[in-house]
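Going by the order they are written in, the chains are A, B, C and D; count residues from 1 in each one.
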Amino acid sequence: MIRMGVIGYGYWGPNIVRNFNSLDGSRVVAVSDMNEASLRKAKKAYPHIWATANCDELIQSKEVDVVAIVTPVFTHFDLARKALQAGKHILVEKPFTYTTAEAEELVDLAEKKKLKIMVDHTFLYTGAVRKIKELMDDGTVGDLCYFDSTRVNLGLFQHDVNVVWDLAPHDLAIMDHLIKEKPTAVVATGEAHFDKGMEDISYITVYFPHNIIAHISVNWLSPVKVRTTLIGGLKKMLVWNDLDPDEKIKVYDKGVDIKSRNGVYKLLVSYRSGDMWAPRLEQIEALKLMAETFVECVSNGKNCINDGASGLRVVKMLEAADKSLKKKGEIVYL
Amino acid sequence: MIRMGVIGYGYWGPNIVRNFNSLDGSRVVAVSDMNEASLRKAKKAYPHIWATANCDELIQSKEVDVVAIVTPVFTHFDLARKALQAGKHILVEKPFTYTTAEAEELVDLAEKKKLKIMVDHTFLYTGAVRKIKELMDDGTVGDLCYFDSTRVNLGLFQHDVNVVWDLAPHDLAIMDHLIKEKPTAVVATGEAHFDKGMEDISYITVYFPHNIIAHISVNWLSPVKVRTTLIGGLKKMLVWNDLDPDEKIKVYDKGVDIKSRNGVYKLLVSYRSGDMWAPRLEQIEALKLMAETFVECVSNGKNCINDGASGLRVVKMLEAADKSLKKKGEIVYL
Amino acid sequence: MIRMGVIGYGYWGPNIVRNFNSLDGSRVVAVSDMNEASLRKAKKAYPHIWATANCDELIQSKEVDVVAIVTPVFTHFDLARKALQAGKHILVEKPFTYTTAEAEELVDLAEKKKLKIMVDHTFLYTGAVRKIKELMDDGTVGDLCYFDSTRVNLGLFQHDVNVVWDLAPHDLAIMDHLIKEKPTAVVATGEAHFDKGMEDISYITVYFPHNIIAHISVNWLSPVKVRTTLIGGLKKMLVWNDLDPDEKIKVYDKGVDIKSRNGVYKLLVSYRSGDMWAPRLEQIEALKLMAETFVECVSNGKNCINDGASGLRVVKMLEAADKSLKKKGEIVYL
Amino acid sequence: MIRMGVIGYGYWGPNIVRNFNSLDGSRVVAVSDMNEASLRKAKKAYPHIWATANCDELIQSKEVDVVAIVTPVFTHFDLARKALQAGKHILVEKPFTYTTAEAEELVDLAEKKKLKIMVDHTFLYTGAVRKIKELMDDGTVGDLCYFDSTRVNLGLFQHDVNVVWDLAPHDLAIMDHLIKEKPTAVVATGEAHFDKGMEDISYITVYFPHNIIAHISVNWLSPVKVRTTLIGGLKKMLVWNDLDPDEKIKVYDKGVDIKSRNGVYKLLVSYRSGDMWAPRLEQIEALKLMAETFVECVSNGKNCINDGASGLRVVKMLEAADKSLKKKGEIVYL
């Protein structure tokens, strides 16, 4: 039975507590939050759990095997380092850290200490991403041409990070999970309308080898919520609309067939336009599956898909995107 | 009665002929096409119209007051220059020309000769764009934050231009028409998957003064057709979905209100989320309205919104976008 | 070469003329309309065709092999009978006639005279209905449970028929074409809000053997246009949304599986919820295909799916529905 | 502080317990269920609450002021009568009872005992229904022409009632709440495909004075979930799509204007087609608001909109619909 200590009981923390508490293989033994009201809420909901304002005590406690860090990003590194040094496995809210150097240090430390890191990229455990992964890995989609994701809505303005660090971790983690090639460079543009340096709109292009291109559009100022990803392969093209309650993934038998190439103006193409197919997705709660997986990884020592290395790769891209954004789209090589 | 000569009777030419032929103020007297089959089609549909494979004869003919150039973009400049030199007003298919220098020369020539140029940016005459223009000009939308347009579908691959020159002229012309500020710089990324140098996907960012940002996504490899533009103002936000048969424009009473600013982490914002409103749009055929407007401009000497100067501004941005695209997103100042 | 005479050049007539005129196997030689303006329009569009206000002359003319009757329903019977008596094949606009007796007389007359009748149920020739027919006939759908169609929009009020006679012929013809069983009874309700006896809303239930049930909802007072048909089979369920430009037909691998029956409260069912599939539909103009088929039937003497007998079956149901409607839902056996 | 006893802790009971337990004015003191597993679940979630398999003890307990009956419909009458006789106010799951006679007896008994009955028509407390009510009451919609509701999905097959008693109570309660006129008659059709007498599809027409007509379509065999209500008034027309997360209610400035009436074929109508408007709805949990309202009614003796009389009216219509259905659409006067 893995004993969890959870730091941060704000918006997402309660979900972490509820899930790890309901698993057979784990239970939550301690919760910490600096905010009194949050701590009181935790106490009321779970009278039997140790609730403390002092997260260091939680980290050092011998009753705790795993520390979940569900706090603002700028606190992740310090808390995570302390927890690893105290010999605890860690689950860290996304984004993993605020700099590549921090992420690297944590990954190294965990390796030395033989401890597990999981970064909370919950989306990787959804039925939708699992199905897309399957369709890309088994050759259904064919060679990839592009990955194009839009994640926009009104608010919620963060006070410590811009829209890139807030929304793009989702898309970058999904992209990192789905695309086998390593990204080579990032170009990002965007603008801040309310707070200097805090961009509320951003457009991120990620270049890959073999002419694969990815694009991520994130926006806190959209009147409508959009969560749509297009994935174009040579054999099939997918549209993933995460807001569609029934048919989240549509697989199109559409594409371009090259007939012949005779000189510059002589590319002969034909268009394929066949059936569309919406596969049934597994009805699972992604967070529950992720929690189970983490408990298993901690228990059997295996790696999970959203480990520290995965978190590091995402931070690297976020950092590059932010750097490019600040320089009005200057290319940043990875 | 204005007498039109139309060069090019392929995909779009028949629409130009039909519209100018049905107006009270104009009629089509000549059609030219180098393709025999196209010319035969024109003859069959309009037995009384002079059909010729020789476009120079048409241009020089004294029976023709206005020459419509509905041919591939690389032929526009030569034909347009000849027509202006022959003293004819011209209607030119979009994009106006393939280089800024060409567009400038034509605009200068027309001015000297006191002739009219109209560039066929038909979208400016749709009920949707006219309504958006009204809502932006009358202060309904408020100060602009962003303009974000997506124009994607499967094909049609052009043999002479990439996706930027094929699809983005629409969005750039609309953007140019709607936004009063002058764009300052362009960053474009993209990729070619089938033909080197012929990008089939591109993402274009246009920077404006006052933190206004525009983004245009064009793609020939999308399994679904999307024609959606988001326009975010401080007072209202619009979504224009051109594929919605009934409610193309939705105006959202949504936005961000700044409560106070106290230091870096102290921006207090609140979200406004009120009614949505879909204004009734005029039911007009845009091309017919454009044709009427051109006839009127030629007759009374007034300028139209889609004149040579407008075409030139669009070409300048296309050229900048293409240049940035070839250099992997390097910023190009306008 | 079949020579057509077309009576009625109002809303639909021009489409009939254009289509039969463009076929290899037929041409339109005469058009008749009592309305001067309509006749003038026909003359302008087709200067070489004989245009006459006197439809009797057209019917009797030796130059005419087939008479198309594209006039209000109350005129169908007289014109059709005259045409058949004059030895002409006929194409009659839907609904075929205003009474069952009339339809029977025409069918008998045509049989005696060995002439062809086609009723203009164009929908039967759409890619959508052809695909549904295929999926029902080849066993994909399985035993039918229900057919449920909604056809509503704002207007257009007819001056001579109620909403049942105006809109339901489409659904009844499609239903008659798709369902092999013979309907046994009709129950219809509805209401007239503006003109006594001219119902603008109606709900029609059609009973079939084997517990198959059909329902048709027609409404001239709907603010939104809906054209949706649900077809529930034991193996698959279909949704046909005729307004969806891309995926008109969706086939759901959904259903109910009976596990066991043990007494009244012991029916054990399980739900099947699998993939959805949207088959590609043929891109054909339905009216063109219908015209070709008619020319072929007249030429080779074969029967078409929308022959007089089909028109008669639809009229029988319309008559029954109207009768039931006037008696507030009293069942009318067929 | 009102003390609640809740009978039934299956699908809906936990929601009732959670809501009444979280209110300031009430708390749940007892839960009863005959099913052991359900009772155990209640005990685990609320260790401090008295959980008993014996509902009579709960009903008779002096610790209980109000009894909530969240059990299958055929048990409602007995439990409700006992509770009222024991001097308890009651909250009864919909449909109120299985017969009009039962409902009438309960309403009479409550009146005599000066006790409150609330029937759990939660929909009346949603932001959507409250907004529609407002728009109908303040004259925005104008004189009503029709109310047309569709409530279809796959399953859930009930073992004790058909689709009419399962799904139509929602629509009938909403209709009863919104329309001031009293219904005069019901015509219902439908069919049972799996279990004799247990119809899984039904179409219900309700006649009202002044040519108002209502129609309710309920179906357990639909592959897609639909929750759409059209409401047509002379001034405005509404579409309520309860599955739209953002714009549940759309108000259309569409309609028919009568120009003149000159004889049978001379009704001159014109169509109005103006803006559409989607009002912002209150973001409230309907069940919470209903619970608050019930606590208030019990405390201050006022009536609520979904009182016993309202429940009775709905049962009357359900009974009539079921009777008509069994007789293949024979009209049943109310």
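General observations
In the analysis below, contacts are C-beta pairs under 8 Å (C-beta built on N, C-alpha and C of every residue); 3 or more make two chains touch, one makes a residue touch a chain.
Worth saying up front: this structure is predicted, and the values here are computed from it rather than measured.
Farthest chain from subunit D (centres taken as the mean of C-alpha atoms): B. Judged by contacting C-beta pairs, the busier of the interfaces B-C and B-D is B-D. Distance from the subunit B centre to the subunit C centre is 42 Å, each centre being the mean of its Cα atoms. Subunit C and subunit D have CA centres that are 39 Å apart. Rounded to a whole number, the gap between the C-alpha centres of subunit B and subunit D is 53 angstrom.
Residues of subunit B found to touch two or more other chains are 224, 246, 273. Those residues of subunit C that touch subunit D in the shared complex are 145-146, 148, 152, 154-155, 157, 159-160, 185, 187, 189-195, 198, 201, 203, 205, 207, 211-213, 215, 217, 219, 221-224, 230, 232, 237-239, 250, 252, 254-256, 258, 261, 265-267, 269, 271, 273, 328-331.
Within the complex, the subunit D residues that touch subunit B are 246-247, 253, 273-280. Against subunit C, the residues of subunit B that register as touching in their complex are 224-225, 243, 245-246.
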